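Two complexes follow with subunit A in common, the first pairing it with subunit B and the second with subunit C.
This part shows the complex of A and B:
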């Protein structure tokens, strides 16, 4: 790269210029495995990373996931209140929320199937269809758009060889358009699973994808 | 404020410049109603919770920084409210414009047209012309199962239907799917409303044409229908209903509000069973004579002959009534039996019975009862005994072979053969349809159905309820209370009752269970019988 300009790598924003691992940025204690039972009930509903297994056939919920589900249920006064984290957990396990998943979660919480469908479809962060290992959400809202988000989106589609919303043939990538990701200071912002990649330009796209593929190879 | 910190029971506020006093806890919407002002509303329904989400009922309350939703804002002492101020009107016009952004405006082919709240409000207060330049989004229609069809494009997302299924039917099968302009009402994928017992009510409460009845689809325009206050004849609960008729045919049944009987609701079973009121092939004219001697007669001749036969009749009399007949008709039959010299040999009625009752969980007063006829309780009060099985068949062996007088009123005798009444010295059949079992009848007299006459039923709560005439009967059919009343009057030498109210007055005189009730007291809402008299 001929011109060196300031880039904010963020803790996950290593796009190639910096030879830093995430562990270097965040510290090792923040990275890596966390107990699948979710640890303390107060943090059980969410994990810092999406260690998504994406096994659509995974049972709801067994072993440590059952423990985590019980912790979630116990933290809320009503079944309705526990629905969102329960769906999070199901998505973490299965990668998306299928009609069958909605039905099973409804059964587990004693809610009506239609109600669970209503909630699951209200929130865009529940994937109603299967997605690849990495769900690449490119912000195309105002700030990012002004800084070339449309081109970044097009670059992701081109380099992954997919159409919008479609999963690449190797099952790794699904590219989607997102509304504002609340990172307007660092356009274009791209959310990949639960990580933010900021200041992404068209030129950065191959490097980002390479890094993701590396992670797959490392079994991360 | 009064001492003890106790609050007054009523509050006085100023509504559109008019002082109005209402009970504490009255919403502004109802306070406005009490001075005859209708504040537009979609999501608010008196039988459901009020989420205040349609934003069309906003009114200006002086001192409040923003317009207030009148459906959930309670009237307060000294409040000054404007429902028609420029701010409120401007707001309503704006909200209506939003509602029309994606509305297809397909009123000419919409079943709701003519009774649609969106149509009414836009006509009253909406913009003359739309300003939309963008194409409207299109959903098409969705079959919800049961009798319910959903047109997503017409929906205003008031969620009345969702709340009805949640709160009243307690069977949360409907929900809002997706959000924003993509939001639609839907069920859980392929699981529809099949098997739900009260889902038809969502069609009634839909303020627009989004939820429509498949049965009624494109059948009649709302403004062509006549509405007749009536009582649902399909079970003994007697939900208050309206008959909606056109071309002398019942087109649909709609519930009529009565908080002591059915609230705003009725069951799908009752709603769906109306075609029998339109059944063709009715008995057209009185006929006299058995078998090959049978000939048509006019009413005067038939009644004169019948009067002579009754006066001369010997032997006891077997009465077969029907719980589809009004109290007045049944009381007329009882009175006729009492006038006969030979005494009575049984007074029975038959009723098809369902296996179970079907209650409405969110409005426990309303129960689809086991008796699938409207007046089984009235028949029992008038001394008729239940006969036959749960299909409404059998149990007439005695009457079938009776050697004295047999009088059948309203029972179609579908399970009886041609030998019915063969031994009878006199067999009178008052009915709506000819039947094989009437072959031996000496007199076949066409009577009207409940939809074609005025009268009253007693429901399972022990409540007398009146119904009005919605259909024109076949030319020669007469109300049974009139036919029987004329015969009784002739036998007693008194005057024939000239109207259903008169027949009811005679019934109330003759039967202690009905003591003290008058036609006026029963009125449109019904009146309870004295408790001890009910069910013995």
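This part shows the complex of A and C:
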């Protein structure tokens, strides 16, 4: 299997019997390329990506990222409200949110270090330590679990040769367990960086990983 | 209605959405005025689709009139109830359906700003919605003087960072404001003191999408579907052990067994039905007997001993390991508890440990009584309903599937594999 198939985009009355490309399902054609400065202020700061390449030393914030940060600050009635989008932006650049990053963001927004640490540690999606080029999050909550998600998680661990929450020795993969990803009709759902892979079975795991390895080589 | 364009990539654009009657709803609302729009939604009997089922028109009418303070509409797109996957479909296939709903809602409550709080995990769907919103701005459908009406409505996307509790309305407001997503004590209610201290209304994605259609066609039109107490159509998210899981839109009052057996092609491998969780993981579990006569509307599921919630039907066949699944749910709630209230913070963790002990074959019969006792103390004693949401599946599973627990406790026998 060369591509991960979308067997089931799951709309009413058409489940399982359809002919759509991956681009159709993901909407990539419609979305197109998004500028790093994010475009319109109403949407710009809301678009954190998860990139393959991460730069833990990246400055906060320069160039298009500075523009996005300014757009963030301009769109809420309070400075505090910009905190989550600013942390998202920092993670997009650096790949994780270290305590030092939290303090830097605090300084940018005029909030206390302790306050920002309290908020940042509340949210699961802020990686508190570095992750691999691909962060593989396997949903093991009830609907996926009923359909064998534990085995899919085990398969990812086996094929990447890592422990849960750890990063493979080549730096490519970090495998983690995720709570419900809101794709329960397409078990097992796996979030890999910014993308959802749905209907992933144990047998699909090697092909998914091969695809990711190709993407690293292609400089994605 | 809601799902008509799912699977059709053309419906993602403004042109494609207009081709199926899109943006006629907001045009009509602007024509008939605020009060009449609220009256339409009241007449439609639309109930909140986020789980609680509160009448939407009534909620909108709580907003202060003639107040000079800014009003906010908050759209809850933090879909994270296990078993629920309808809002993501609305967003990724029909983003303009949601944008139009947000316009109708904002206009009706007098809000000039709407924040859509999206789940952080929804990168792809957020991108689709972002592109759609940019298109809507460019077409003059959102922003200043929408459709030449003199009304200003801005819509801003706000992305969360992974916390189930931010789907609770006041937790969402705290998170939007850049705080920990801890729910607030009510009163004051959001209509008086909400986001940024201003009058706010929070609606679910599906609610607002439905409101767009109601604004277009009127309230009575919506009542052609559903029951007296649960009018309209609903997206049913079917997951678990069925041949064709997915989102299915039906009028409320649709029979549960027909959904499972006919629409979803029954249970794989010819297995028998064991249990159904009808409304996302936070509601009582039903056994096969409860399911037989159950109809999927707010009052119908209640009569069968559970709650419709957000109509996320999780189907479990005879091979299901109830103890394992309840333990998995408990683990989820323990992970997602915000930690403010002691009964929830401690209770969810205790329950997880006890359930794990039982699953590992080290439980005692007294553990079942302890679980029930903890669950009772977790009910109605906290700021939000997260702890109640775990208490219900625990109590109902012990009541209905006691034998499964006892088989593990007495003989170390696991019932079911999945």
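Keep this in mind: the second predicted complex is superposed on the first by the 184 of 220 C-alpha atoms of A that agree within 3 Å, B and C clash if a C-alpha of one lies under 4 Å from a C-alpha of the other, contacts with A are read in each partner's own complex, and residues count from 1 in each chain.
Rule of thumb we're sticking to: a contact is a pair of C-beta atoms (placed from the backbone, for glycine too) under 8 Å apart; a residue touches a chain by one contact, two chains touch by 3 or more.
Since this is a predicted model, take the numbers as computed values, not measurements.
Using the contact criterion defined above for the overlaid structures, shared-chain residue A:99 touches subunit B, although it does not reach subunit C. When the two complexes are overlaid on their common chain A, residue A:125 makes contact with subunit C while staying clear of subunit B. In the superposed pair of complexes, A:117 makes contact with subunit B only, with no contact to subunit C.
Residue contacts after overlaying the shared chain place A:85 against subunit C, while subunit B stays out of touching range. Once chain A of one complex is fitted onto chain A of the other, the partner contacts of A:192 are absent, as it touches neither subunit B nor subunit C.
In the superposition on chain A, A:147 contacts subunit C only, with no contact to subunit B.
The larger set of touched subunit A residues comes from C, when the choice is between subunit B and subunit C. Subunit A residues in contact with subunit B (one complex) as well as with subunit C (other complex) are 118, 122.
Those residues of subunit A that touch subunit B in the complex are listed here as 99, 102-103, 111-115, 117-118, 121-122. Looking at the complex, you find that subunit C touches subunit A at residues 3, 6-7, 9, 12-13, 70, 79-85, 87-89, 92-93, 118-131, 133-134, 137, 142, 154-164, 175-181, 196, 235, 237-241, 244-249, 264, 277, 281, 312, 314, 316, 320, 324-325, 328-329, 332, 335-336, 338, 418.
Subunit B makes touch with subunit A in their complex at residues 171-179, 186-189, 191. The touching residues of subunit A, counted against subunit C in their complex, run 8-16, 18, 20, 24, 26-27, 29-32, 34, 39-40, 42-43, 46-50, 75-78, 80-85, 87-88, 118-119, 122-126, 140-143, 145-148, 178-187, 191, 194-196.
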